[in-house]
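Following are the structures in question.
Here come two complexes built around subunit A, the first alongside subunit B, the second alongside subunit C.
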Partner chain A sequence: MQTVGRTRTHFLIRAWTAFVVLAIYLPIACGALAGLSKGRYFAFPIRVFSGEWWGKTWDSFEIHVLVQNSVLIALIVTVLSVLFAFFGALAFARYPWKGRRAFQRLLLLPIFFPQPVLGLALLLWFNALGISPSWKTAVVAHLVWIVPVVTLVIAIQVFSFDPVLEEAASDLGASRLFTLRTVTLPILWPGIWSGALFAFLLSWGNFPLSLYTAGADSTIPKWLYSKMVAGYTPMVPALGTMSTLTAAALLLAGGLVRLLLKKRADLRAREG
Partner chain B sequence: MSSVAVSPVSASPAVSKTPRPVLQLVDVRKVFDGFAAVDGINLDIEEGEFVTIVGPSGSGKTTLLRMLAGLESPSDGYITLRGELINDVPSNRRPTCLVFQSLALFPHMTVGDNIEFPLRVRKMAPEERRRRALELMAKVRLPEDYYAKNVMLCSGGEKQRVALARAFAYDPDVLFFDEPLSALDYKLKKLLEKELKDLHRESGKTFVYITHSLEEAMVMSDRIGVMRAGKVVQIGTPEQIYSTPADRFVAEFFGEVNTVPIRRSADGWLRRDGRPVAVTSGLSIDGDEATVVIRPEYMRFVTDDAVADNTIVGTIFNEYSLGSRLQYQVRSRTGRTFLVEVPRAAAWKGTGEVTIGWDARNAIVVGG
Partner chain C sequence: MADTSLSAPEAKLTPGLRASLPVLVLLIAGFLAPLVTVAAYAFATPKSFDVFRSFTLANFAAIVDPSNTVWTSFVWALALAFCCVAILLVICYPIASVLFVFPLFVSENVRLYGWVLFFIKNGVLDGALKWFGFSGGPELLYTPGITLFGMVYVYLPFMLFPMTLGIAMIPRDLVDAASDLGAGRLMIWREVELPLAMPGILIGALLTFVLAAGAVAEAKILGGQSVITITQDIEVAFTYAQNWPMGSALALILVLIVSGLALTAMARIDLDKILGKR
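Our next item is the complex of A and B:
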């Protein structure tokens, strides 16, 4: 009797999981299929499949510039935000100091601020300062939103770090720098890597901030939106699919690297 | 109750060999936000000594140890190491090493890397580091194949040994221990206490150990200091602390004791009910109020053929077995509770009221 009940529960869990996965991935699959249609317009069912639009997208100079912009912005945002966020996370979670609570609250504010409003506010601010918007201002705008997120991601790791380890290292003769290099950083690496990955993907996929602050420069999400509004071509779903696949590949690669590092560490530990 | 700041009562045998103590504390204080965690400590620790500081939690013993290790600096007073003032010398420049309560092993390193850490700081060659680490592992009885083991996969006792080996790798003049055995089960704790004592003897280094367990202190120490509210109340050999506690606090810290309040009169010390009490100590107590302290094992049942200097009548209301011994809780007619501990062979077989008693030579009189 009990096993029957359990089997049914298992079946329900599986069915529900399958439904959720389908609901999430079906639209992406549709988008991907739209890019593989030979037709000029977005219509289902697709009559003739072809890789024509993928090819065109791949060869387009305009797209190359877009990708370059997006990659450049995302890379700079990643490096800067991890740098800021690492020290921010130490202030957030490691050291007790006056004003720490206020810092913890203020840091969260940009995350809860609606991004279109944040983008507009930043644009007005740049104007007031006489800075003309370009991909560089977009980097600043991305940082405003992404640094707090990455700070939180790294802070989670910092919270689980036992400060006594640093005292122990010092007690055993280590300088502050030696301790940072051999104790603090190695223990915080997983959090820092997760933070970097978050930073890249959030910047890569960001639309509202780029829309307001990138000026004449375009990014992939910005271009996708503008083409959807006016001048649809199947290059839109094709590029959208490529972008999604790139992000997925990056995530997989991140996971793979971590797995390999762990394997190597284990192997080294076994060999001594 | 007056707390007596006592300078070392006893001298360990090492004194005659070295003219100066290795560690000297003069009026050391540490104040946090107006609260004196350590409130004027004077203490000399001799070369090669095993000194244990005991005290309840909050007595300031951990703060004291952190100042000695250089993790806090004193608000007041002087700490000298071999005659040199070290008040503000940071922990990484002191020839001392602390074994933390949590052990503070580096979780991302192997057993070998943990032990080699202080050697790596000193830029010792990898081959030599490894040789030294294996040597130390043998010393603390860790099997050689643990060298490459992830330290987090070690058991509690093994981690203890890794922490010890790591501290020894630093080759400090003085080793500090912050209750490192508190998290272990009884049997392992007993074993490691003995090993630590052996290690102390073999290495000849100075050990300063803190714990809240006087039992632990008794097993290992040359001298014991008892701390209370930031002050050292008494310091002496385990025997001195046990047989002549400076006050009621020290006496009670040893575990269960019986106390009888007494007051001075023209005819000598009297109990509350006016009956005289026979005492052999406490003649030099200043005040008019004092307390007789009697350990449960010195209390016994008084019968026609077993008299005692002092007696109390009461009823037994609880009986516990302590293995080879039995413990009784007796409520006196005045409502005080007494503990009587007797060998199993001397179990109480009677009924109704009992008379319990103690001999004057087995009791201690303390002020207050």
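Our next item is the complex of A and C:
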């Protein structure tokens, strides 16, 4: 009796999961379709497919500037947030210190905060400081949200790290820097790598913070939004699909590298 | 110097405090300071830029004034957020899959716009139904219902991950033991699984509520402004209306609601345990 019930439950859970996954990816597929159809206006079923709008998007100078902005912001955010978050994760998970609990809660606050409101608050603050918003202020805005996320990602790796290893190295006479380079970093690499990947992708796809804090500069999501609200062209779904595919490719490549890193770290741990 | 550090060991820079400094500086300068600025603007003269130079409650008086309908935006935002959380709790409880990570990295406006293409006249749904010989799809776009749908869609991963972490914390043995002792499935779920998974579920519910309460893109892109959420009012005050003190007062009220919730729930949660400290 019970096994029959259990198999049925399992089947229902599988079916439900499949349905939700389908629903999650359906609009992304709709965007891809719209970007590939010929003609100025979208109509389904699509009569003629063409790469016309992909070509136009690819050649557009305006889009080149957007992509440059997005890449530049995402790269700077990645480097800075990994630096911040590496030490933040040590404070979060490695050292038992007095303010640790308070630090953990403070770190979560920017994540538990509506991003559009954060963007507007930052806009006000930059204005009070006399800084006019540009892509540089967007970097700061991204950092405020992304550093806590990356800190959590690296902290998970730090939690699985045995501090005795570091102590053993220092007992054997290794300097702090040497211990960091030869013991701590190799073990934490998979977490740091995931953190970097998260940082780049979250910055690449971020819309609400860029919308309010990038000033006259535009990023891909911000430009897409301005065209969605006024002036649809098939370049919108085309560029949206390109941006999504870029993120997917990065995520896959990054996942593979992480797998390799983890294998190497495991090997090292077994040898050591 | 040596004496002071001996008499006050707390003041010494411990490794933990030292490691936390970069992030602390970033969060103070990039998170707390902007919020203080918002709070200061909330008490400035309406429609002025006299921050820190004037103190008045006029903005709050204008908000609670019976002729002002801004309260409807608050009600919409909070009601939609509440419904969104309730729906997500039901949708997400049975599922766990890594396939839900990727949407986190696709801008919400791109994903929402995909739904516009799906539901719009001559769009995917309408066109497919016509192709099959029906009279066409229902007109769902630009309604409060589709706004809620968009919110459920966008915030699903934010409910799913904490919930999955929470459910992964349930030891299998405990469930088996309860089952061996003769507990029924409903009883195991209520007495064993649910209490153990509660921290994760609570974090998921809180996170989605907070994000949904500040949502604006769903109402604009899918809802066609049939619903005005509070964040949109704040945005309008900051941009077109150029009434920063009013926008700040509205933002301050929203922040107080949101952070009050976040802080009370966080006080009950042990982060070390959830993130897998050994």
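To be clear about the criterion, the second predicted complex is superposed on the first by the 239 of 272 C-alpha atoms of A that agree within 3 Å, B and C clash if a C-alpha of one lies under 4 Å from a C-alpha of the other, contacts with A are read in each partner's own complex, and residues count from 1 in each chain.
The criterion applied here is as follows: a contact is a pair of C-beta atoms (placed from the backbone, for glycine too) under 8 Å apart; a residue touches a chain by one contact, two chains touch by 3 or more.
Being a predicted model, the structure only gives us computed values, none of them experimental.
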### Task
Label the relationship between subunit B and subunit C on subunit A in the superposed model as either fit or clash.
fit
### Message
Once both structures sit on chain A, report the angle subunit B, subunit A, subunit C from C-alpha centres, rounded to the nearest 10 degrees.
### Response
90
### Message
If you tally the residues of subunit A touched by each partner, is the higher count for subunit B or for subunit C?
### Response
C
### Query
Taking the superposition as given, does A:L267 touch the first partner, subunit B, the second, subunit C, both, or neither?
neither
### Message
By the touch definition at the top of the document, which applies to A:E167: first (subunit B), second (subunit C), both, or neither?
### Response
first
### Task
Give one of first, second, both or neither to describe whether A:W125 is in contact with subunit B, with subunit C, with both, or with none.
second
### Message
Per the contact definition in the header, classify A:S175: touching subunit B only (first), subunit C only (second), both, or neither.
### Response
first
### Task
Look at A:V183 in the shared chain and tell me whether it touches subunit B only, subunit C only, both, or neither; answer first, second, both or neither.
first
### Query
Where does A:L109 make contact in the superposed view: on subunit B (first), on subunit C (second), on both, or on neither?
second
### Query
Just subunit B (first), just subunit C (second), both, or neither: which does A:V4 touch?
neither
### Message
Taking the superposition on A as described, I'd like to know which of subunit B and subunit C A:A230 touches: first, second, both or neither.
### Response
neither
### Query
Looking at the overlay, does A:V48 come into contact with subunit B only (first), subunit C only (second), both, or neither?
neither
## Note on the structure
When the two complexes are superposed, subunit B comes to within a least CA distance of subunit C, in Å, of 11
### Task
Show which residues of subunit B lie in contact with subunit A when the two form their complex.
69-71, 90-92, 96-98, 100, 102, 104, 106-108, 110, 112, 117-118, 120-122, 147-150, 166-167, 170
## Note on the structure
Within their complex, subunit A touches subunit B through residues 162, 164-165, 167-175, 178, 182-183, 186-187, 269-272
### Query
Given the complex with subunit C, which residues does subunit A contribute to the contact?
5, 12-13, 16-17, 20-21, 23-31, 33-34, 42-45, 83-85, 87-88, 90-100, 103-118, 120-125, 128, 140-141, 143-144, 147-148, 151-152, 155-156, 159-160, 201-202, 204-208, 212, 220-221, 224-225, 228-229, 236-237, 240, 243-244, 247-248, 251
### Query
Across the complex, what residues on subunit C touch subunit A?
10, 14-17, 19-24, 26-27, 30-31, 33-35, 37-38, 41, 51, 91, 94-97, 99-118, 120, 122-124, 126-128, 131, 153, 156, 185, 206-207, 210-211, 213-217, 220-221, 231, 234-235, 238, 244, 247-248, 251, 254-255, 258-259, 262-263, 266-267, 271-272, 275-278
